[in-house]
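Notes follow once the structure below has been shown.
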Amino acid sequence: MVYGGAATGKRVMTSSSSPGVSLMAEGISYIAGANLPCLIVNVQRGGPGLGTIQPSQADYFQAVKGTAHGDFHMIVLAPSSVQEMYDFVFDGFDLAFKYRVPVMMLSDGIIGQMMERVTMDRQRPRWSAEEIVTISGEWAAVGGGHNIVTSLEMDSAVMERRNEALQQRYGVIVRDEVRLEEVQVDDAEYVIVAFGSSARIASETVELARAEGLKVGLLRPITLWPFPTERIGVLAHKAKGFLVAELNAGQMVEDVRLAAGRDVPVHHYGRMGGMIYSPEEILAELKRLM
Amino acid sequence: MVYGGAATGKRVMTSSSSPGVSLMAEGISYIAGANLPCLIVNVQRGGPGLGTIQPSQADYFQAVKGTAHGDFHMIVLAPSSVQEMYDFVFDGFDLAFKYRVPVMMLSDGIIGQMMERVTMDRQRPRWSAEEIVTISGEWAAVGGGHNIVTSLEMDSAVMERRNEALQQRYGVIVRDEVRLEEVQVDDAEYVIVAFGSSARIASETVELARAEGLKVGLLRPITLWPFPTERIGVLAHKAKGFLVAELNAGQMVEDVRLAAGRDVPVHHYGRMGGMIYSPEEILAELKRLM
Amino acid sequence: MVYGGAATGKRVMTSSSSPGVSLMAEGISYIAGANLPCLIVNVQRGGPGLGTIQPSQADYFQAVKGTAHGDFHMIVLAPSSVQEMYDFVFDGFDLAFKYRVPVMMLSDGIIGQMMERVTMDRQRPRWSAEEIVTISGEWAAVGGGHNIVTSLEMDSAVMERRNEALQQRYGVIVRDEVRLEEVQVDDAEYVIVAFGSSARIASETVELARAEGLKVGLLRPITLWPFPTERIGVLAHKAKGFLVAELNAGQMVEDVRLAAGRDVPVHHYGRMGGMIYSPEEILAELKRLM
Amino acid sequence: MVYGGAATGKRVMTSSSSPGVSLMAEGISYIAGANLPCLIVNVQRGGPGLGTIQPSQADYFQAVKGTAHGDFHMIVLAPSSVQEMYDFVFDGFDLAFKYRVPVMMLSDGIIGQMMERVTMDRQRPRWSAEEIVTISGEWAAVGGGHNIVTSLEMDSAVMERRNEALQQRYGVIVRDEVRLEEVQVDDAEYVIVAFGSSARIASETVELARAEGLKVGLLRPITLWPFPTERIGVLAHKAKGFLVAELNAGQMVEDVRLAAGRDVPVHHYGRMGGMIYSPEEILAELKRLM
């Protein structure tokens, strides 16, 4: 349905939880291959399979690496508040149309079931055809003619050029669209890297640590793809180590390691299957490492 | 169908090409979550979406990282000959039943359409119930009683223990089941890392390079998961650099970087969309790097 | 999953409610085309689409006529009590294996959510290979050899013979497997025809009518396919009319008309979208017709 | 995709062959339940299951009776020439938007692979919003406001009213949209009833029969739903009998029997699995009956 709706030029979104997103894998690759914008919200639950309906962050790899076959990416936004779940719908569509890529909002069962005050000030009417042109630049077939939307191309040489154009666009996204939030990282000896609900929990860990005089900071990737590789690389020259806290068996930790290199130890701390850690648990792990 | 057949204790396999495998994503996560063995063959084509029907290796990430939601792995075997496509069916089932995990044979359009002499000496009758017990150790419900096959568990604490048991099994696989092949790596200054059809092409590059006096070797991961991280780590202390040749935009190169660290440069060389490189092209890239 | 499990020779069943059964349409045609036994339970809800989750009998046509493409039938059993929902699992599998066809139990939201005393005396162990041979007669490949399970046949002449064999088997089912229940039809001037939960309600209508001296009876088809065409044809020569009560817009009424011909009026009385009629409502409609 | 595209108000169509249409069953019910227009082309092949890729008309029941769960109908157009395959795309969309229902063009492997001269004179630009309003009358949300497209309704009483409105619309379609073609039926003693490719073959049978002095005519339903029930009822009072020729095991014959009643014999003549009859074969069957 999303592929069909997106092909008509409308703002189209869907939301599901873990298994439902996996079921969309083939379609997402088609949407990416056809250069269509859309928004997919994944409120992650514990897996694999049906798993639990409790919170998890075990779909990080699925969201940022191997969503489906072929070399493609989604822009992945990780909200850590209800306000961001609201805001990222608008940001998500703006990014999706700007770059004509599928955008995923990777939330989880904590954020998804939380109640918070939200300022809803970004309602906007449907885009006009002119706006779509403005936003997406070269959107085909506005103004007449056939608009062939397809991911099929039987000529390998042409298909390679399509892939190169896609990679080039990804390059611009990697350069321009990284988003992150930092909490007391400037003098931090140890930097926690965490996204979404884990970042919320970890920001309390920072407070607890600072109260004890421990120089701990938090880097929260807001975009999981593009990943804040550069910033982590810079911090790797200053910090003594990283602790990647994520509700899974160790996924984002790979991207942190790729960003940090071997210059500095990068540890993982996680829970699985719907279990959640407390700020104190993360602190205890930090102390163990320090 | 695979999930249903596997749940009865039979050796069940399926094969498809890229998009068809994506369509199975949800089911694969269920199979992994239910601890069932099966064999899935992916003869990769160029993507994303429908793409081309020409060869590609762009489903590496999908096979080894984010196949679907949840923390799970498939053992991934990468054949580089028709003989291996035959042999890995048997090896694949042995591994799938030994560890009760889905196994993927990650082939591509080159290997899948090639004609070669094959020795077919491994035909074997169906496993008896006794053998299944022997192979899989604790396979439930042989001998009577209900055999509940499910990936659902509503209690998060229990689900976490199920995940821990799964991760423990993965630890054994990582320790015991890595397979690789090496060509003249002992004195190599530059090591090409390539799998499947790319490894075939790259082995000719090694010959061409050696003929010119260049100290080039090839490391071919046969298992993509578990990945030969340890061996690459050892080589990283001896070689001046790695060139990862893969028919994609850069995927396995991440695992090589994770294995090698920053001690040594790790480059990527690829083609996309169904295009293939020649041994000479890889050699030219190597010379450029050297 | 059902197709995969059934192909291994096991007793395989699934259950769902209306939309979930539609999603299985293609698979059911494959199962029928591959001559495999299975049991599919449909606990009907109001449609079309997502509809309501209240009771309905609007999937009659889907169950007995156009389940999917191609000329095939399922044996359709319509329980009108919780006891029958239990019993028909066993009867369903016996029929499915005897004729190697998919069997559907067509229930609805009334029967599916009702609580009643049930005698569970038909538990039985798994069938042995010998039993399967006994039950299904010619079940292929027991005793060795490959057992090719497929619905594909590229030669039209062979495919026509396969279809003729299938139709021949259907002929035997139509001759031998019709099941029905009658309540006071012998002297009935008006016969209500109703299945499942509607038959339960209508049997009260018969009591109410008889209490008022009205000669009303009830014919309950237990098998919807094969349909009790012959018996209705006989009654059509005696009764003054039929009233088909079903929770839909008029579906089984067509089969009653085909059975009764124009000799006698056949009326339909229904409710839709999850609404249910009372015995009194049916009686009022009967009086109106009489 | 069709559901998603149709929900944006565009003219959306898809085409497939038998199994592919079955796979859409659930979606079609959703489209019908959400009152959306679309066009679905089924180029029928022999079934059940994968079957053959040769022509068939065995999806008649699926198209006109039990496409999926719930009480809904598609308008079904049966082309018998390549010109009609072209024309019915336009007629189909006009009907779909006029009544906001899914329309099926039920073709087959004969018509689908035939080459004929076609006049392509009905190309037209996209509909404007104004036209859509004009065509569909009450199409919601043109001019602003939210346009909730859904088939879900949890209140059974409301759902029943939605169903009643749907049935009322169907009543108008049955009254106004029946299409048929007749060949020499006025003095016919025997009337062949056939649709699509069978009607083409049967029209030659009429010529052959007339050349031999046999009073044979042909009634071709162009709309299979709504079915030309009334006209067949009229002919049933004049003709001595009907022969329903269809490439299946006997499907449309039921609708002809329902229309004709028992006043006159209604026979079926068919081939299955991709096999086709000649005009002479039908004539031979006619003579046998006469």
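The chains carry the letters A, B, C and D, assigned in the order they are written, with residues numbered from 1 in each.
Criterion: a residue touches a chain if its C-beta (ideal position, glycine included) is under 8 Å from a C-beta of that chain, and two chains touch if they have at least 3 such contacts.
Here the structure is a predicted model, which means the values were calculated and not measured.
The set of chains in contact with subunit A as well as subunit B is empty.
Same interface as A-D, judged by over half of the contact pairs sharing residue numbers, among the pairs A-B, B-C or C-D: B-C. Rounded to whole angstrom units, the spacing between the C-alpha centres of subunit A and subunit C is 49. Per-chain Cα centroids separate subunit C from subunit D by 26 Å. Chains touching one another, given as pairs, are A-B, A-D, B-C, C-D.
Across the interface of their complex, subunit B is touched by residues 1-8, 10, 12 of subunit C.
Only residues 18-23, 25-26, 29-34, 42, 44, 46-54, 56, 58-72, 150-164, 166-167, 248-249, 251, 254, 257-258, 261-263, 271-275 of subunit C touch subunit D when the two sit together in their complex.
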